[in-house]
Amino acid sequence: MELTVETLTTWMNDFEAKIAAKKAYLSDLDTPIGDGDHGNNMARGMRAVTEALATKNPADLTTGLKLVAMSLISKVGGAAGPLYGTAFLEMAKKSNTTAELSELLEAAVLGIKQRGGAELGDKTMVDVWEVVVPEHAAGQLTSEKIAQAVEATKELVAKRGRASYLGERSVGHLDPGAVSSGYLFEALLETEGELK
Amino acid sequence: MKKIMNDPSNVVSEMVAGLVSAYPTYLTQLPETTAVVRADRASMQGKVGLVSGGGSGHEPAHAGFVGDGMLSAAVCGQVFTSPTPDQIYEAIKASDTGAGVFLIIKNYSGDVMNFEMAKDMAELDDIKVSSIVVDDDIAVENSLYTQGKRGVAGTVLMHKILGAAADQGANLAEIEALAKEVMPHLKTLGVALSAATVPEVGKPGFELADDEIEYGVGIHSEPGYRREKLQPSKELVAEMLTKLDEALQFDATKKYAVLINGMGATPLMEQYIFSNDVFNWLKAKDITPVFSKVGNYMTSLEMAGISLTVLELADEKWLEYLNYQVDTIAW
Amino acid sequence: MKKIMNDPSNVVSEMVAGLVSAYPTYLTQLPETTAVVRADRASMQGKVGLVSGGGSGHEPAHAGFVGDGMLSAAVCGQVFTSPTPDQIYEAIKASDTGAGVFLIIKNYSGDVMNFEMAKDMAELDDIKVSSIVVDDDIAVENSLYTQGKRGVAGTVLMHKILGAAADQGANLAEIEALAKEVMPHLKTLGVALSAATVPEVGKPGFELADDEIEYGVGIHSEPGYRREKLQPSKELVAEMLTKLDEALQFDATKKYAVLINGMGATPLMEQYIFSNDVFNWLKAKDITPVFSKVGNYMTSLEMAGISLTVLELADEKWLEYLNYQVDTIAW
Amino acid sequence: MELTVETLTTWMNDFEAKIAAKKAYLSDLDTPIGDGDHGNNMARGMRAVTEALATKNPADLTTGLKLVAMSLISKVGGAAGPLYGTAFLEMAKKSNTTAELSELLEAAVLGIKQRGGAELGDKTMVDVWEVVVPEHAAGQLTSEKIAQAVEATKELVAKRGRASYLGERSVGHLDPGAVSSGYLFEALLETEGELK
């Protein structure tokens, strides 16, 4: 699928709604193994994203992706801000040469990994992105696969981010950034579904 | 939670407003940010700019160290939360007078990523930027942490040394080289008697019993390495200096600087008593620090506790830099 | 009681030892006393000596204000207990370079009597001595107290102003006249969120519920004038500034200095927020203080709370004195 | 009676013993209306007094009184130190012209009142000294009269010293300095008794 600025807007509005609905849940997930702010951080950031898209009405995809990135970067803060922000910034850069969603998402994964230095298995959002993006590229992404990837973070020992300070004690908890990333891809599936 | 404040979600903006109102000759707030820059911009002319910052709640760090001979600007994030890159970027722009800007970053994933992004943004503006990631806390060396060591009170000595060098005209490459030389000689260890309460959270980061302390706690209530019964000051000092000795290999032929840092709620009386035990312990090893400071420099809101930083002065110049004249609110 | 210390009965001597160990270039301990004098004695030559002090537990007061441009010496009594005259006498002798010595005494019966006796002793040595009794605390004005008002954080501004004047060569009579002129314009009011614990006593001086504050508490846990539910900072400020307004009759055509003083355990973040509310309240009255300072200057061990001092600058010179260069540990 | 350095020493040793025996009681009295240190302050001071008299062995009365004064002044601290110290310092000064005990004590009372500014009825040690000293001069001092003077402080409202911060709430408590002063005069009665 080629991403357009209109599709991007639908996707982001949907993601915003999911985050808003799950704000407290995400912060609760961040409490035992983090500092309890992930839901608030993401809700603040996504509100800014949808507001920016609505008021600035970006003319093209690159401008739209940049706007999403800048809103996230300047409103989320902490670790999630630069990570989500980088993902969309890399997509914006890539969109100068292609609008193919799978290529954009691949650039995003690379950006997240480079920004945060996390690898698969470190119990971060990378554990969702790295699993989900190739499935999406292959046209095989389903809700179940997203849920599986999210769920898989539960048994991991955190190696990056705040949860890593807990070492073994991080086992048994879902990673909040992985859960919010799951919502992002759920929203994408829904957006794509609407288009079909 | 018993705090002097208004709305918990406005603490940072009200704090910065109160700070610049009280100290207009030292600090100017950058428009639409919670970053502050030297009021006396002329003092930065032609020199490398130094920008630090991080989550709020560590006052007087970092804004209290902005001023002639020390930092150019400081960025105040939300409480215990890294500031966003756009704010850091504004601070970098305000600090650049053509000689480039050096960032002093504490080793937390959020801080490192946000500062790096700001650096990327500034470089697009052709501002030369380089940085050091301070990781002086030896508490977590042997643990499972893979984020690396945390940046804590030693950061203040880094600010001071680099600030003096910048004021004396060192260029960006020299500042970076200096920071890299200093870093391995700078070590800190803390102990907490009680935890801090983030206003928006409303309850302490952890609970200690009335007779319990925790060795190695971080400045955001990160877990330490051992929980124990409260010890006399002498024994706290022995435990902490023994660990610092392991890290630095104390040597009576070398020179040392010491920073005894209150975490927020611990009165100076206790800090001075602790200081006495530190000097006595070191004296028994034939060491008399050639530079020392005692007080609240890198706090953790109302946490009670003390951290002890030792810097081995591997270069004579570092002592000159520590003693170099400075005009800030809090040094 | 959870404190970093060794033997509760040795806290003062260990504190003073730790302080002079950490700051040998600022302070020298007088033999067989817990009094300290400037390490740089040459800086006192030919000038009126300024001696302050009182019970310990108010750190950085008073030793932290000893230095070039401020105090000559400070006497550290037992915790919350006036020092004895022989110690004060030694401090007077060490501070006299022929121009006489001026004593800054806080209005507590023990302090007043012990300082007066020391003065008598020094006068037998032909040292000229005069003094001021600071009573800036307006909390007890309308109560049954007959000891008069207490001396609290405003004392620090008195130190600063007199210190600058002495450094500029004012003679003993001029210093005394200046102190007497300043005193009626200097007013302070405090609020406590929790009490201090004297080490030898082992329990807090009073108990406040989790949501209670006490307006007008003294720096030794003396009772205040009203106990109430915790208020937002804005309302604390309104209450306190209204009382200070009654005492000083604020006037937008006049100039004011402000000292926001943490009582020991209250973090700077809260003090800066309080500062913001102070500046806003005054702004609504068209007043912008021309001098301000925020931090822990006259504490009460680990008491949580803030005091607010307003000085009406009735003479232009007082502002110059407040801004005059100074080299101390804590100003 | 004329005071001698020997009688002074007996008197002080006796006073020291009383204070040491009542140390905790005096501090307890100082707790509700003061800061709970009067017993400790006085015990520390009187130990220093008797030690100084024993080791320095003063040759004459004036030197002896001065030694007592200086020990009290430098060891007691707080309010009681300068007050008791001044009492003995004034006695030392007066002893240059007379050794008559009643004249010395009169000088002492004046000294205390001048030093502390307290008057009869302010609920301080003055309420004992001012009543007891004239009785002693008239040769009519008894244990009962001392006890009465001490007891009378109970119903007073404190006007001086720390207890004054409590205002009306100070009523119903004995003044600790009055109690310790009572012991001083008890010790004096005993010393004089031994001499007869």
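To keep things simple, chains are lettered A, B, C and D as they appear, and every chain counts its residues starting from 1.
Heads up, the rule we're going with is that a residue touches a chain if its C-beta (ideal position, glycine included) is under 8 Å from a C-beta of that chain, and two chains touch if they have at least 3 such contacts.
Just so you know, these numbers come straight off a predicted model, no measurement behind them.
Visitor: Taking the mean of the CA coordinates per chain, how far is chain C from chain D in Å?
Guide: Each chain's C-alpha centroid was found; their separation is 32 Å.
Visitor: Counting only Cα atoms for the centres, state how far chain A is from chain D in Å.
Guide: 80
Visitor: Quick one: chain B and chain C, Cα centre-to-centre, how many Å?
Guide: 28
Visitor: At which residue positions does chain D touch at least two other chains?
Guide: Touching at least two other chains: none.
Visitor: What topology does the chain touch graph have (line, ring, star, complete, other)?
Guide: Topology of touching chains reads as a line.
Visitor: Which pairs of chains touch each other?
Guide: A-B, B-C, C-D
Visitor: Help me check something: in the complex, which residues belonging to chain A touch chain B?
Guide: So the residues of chain A in touch with chain B come to 35-37, 40-41, 70, 73-79, 81-83, 85-86, 115-116, 157, 159-162, 164-168.
Visitor: Over in the complex, which chain B residues touch chain A? Could you list them?
Guide: Where chain B meets chain A, its residues are 77-78, 80-87, 109-110, 113-114, 116-117, 140, 143-147, 198, 200-201, 218, 220, 222-223.
Visitor: Along chain C, where are the residues that touch chain B in the complex?
Guide: Against chain B, the touching part of chain C is residues 2-6, 11, 14-19, 21-23, 56-57, 59-60, 64, 79, 193-194, 210-211, 230, 232-234, 236, 258, 260, 264-279, 292-296, 299, 301-302, 304, 306, 330.
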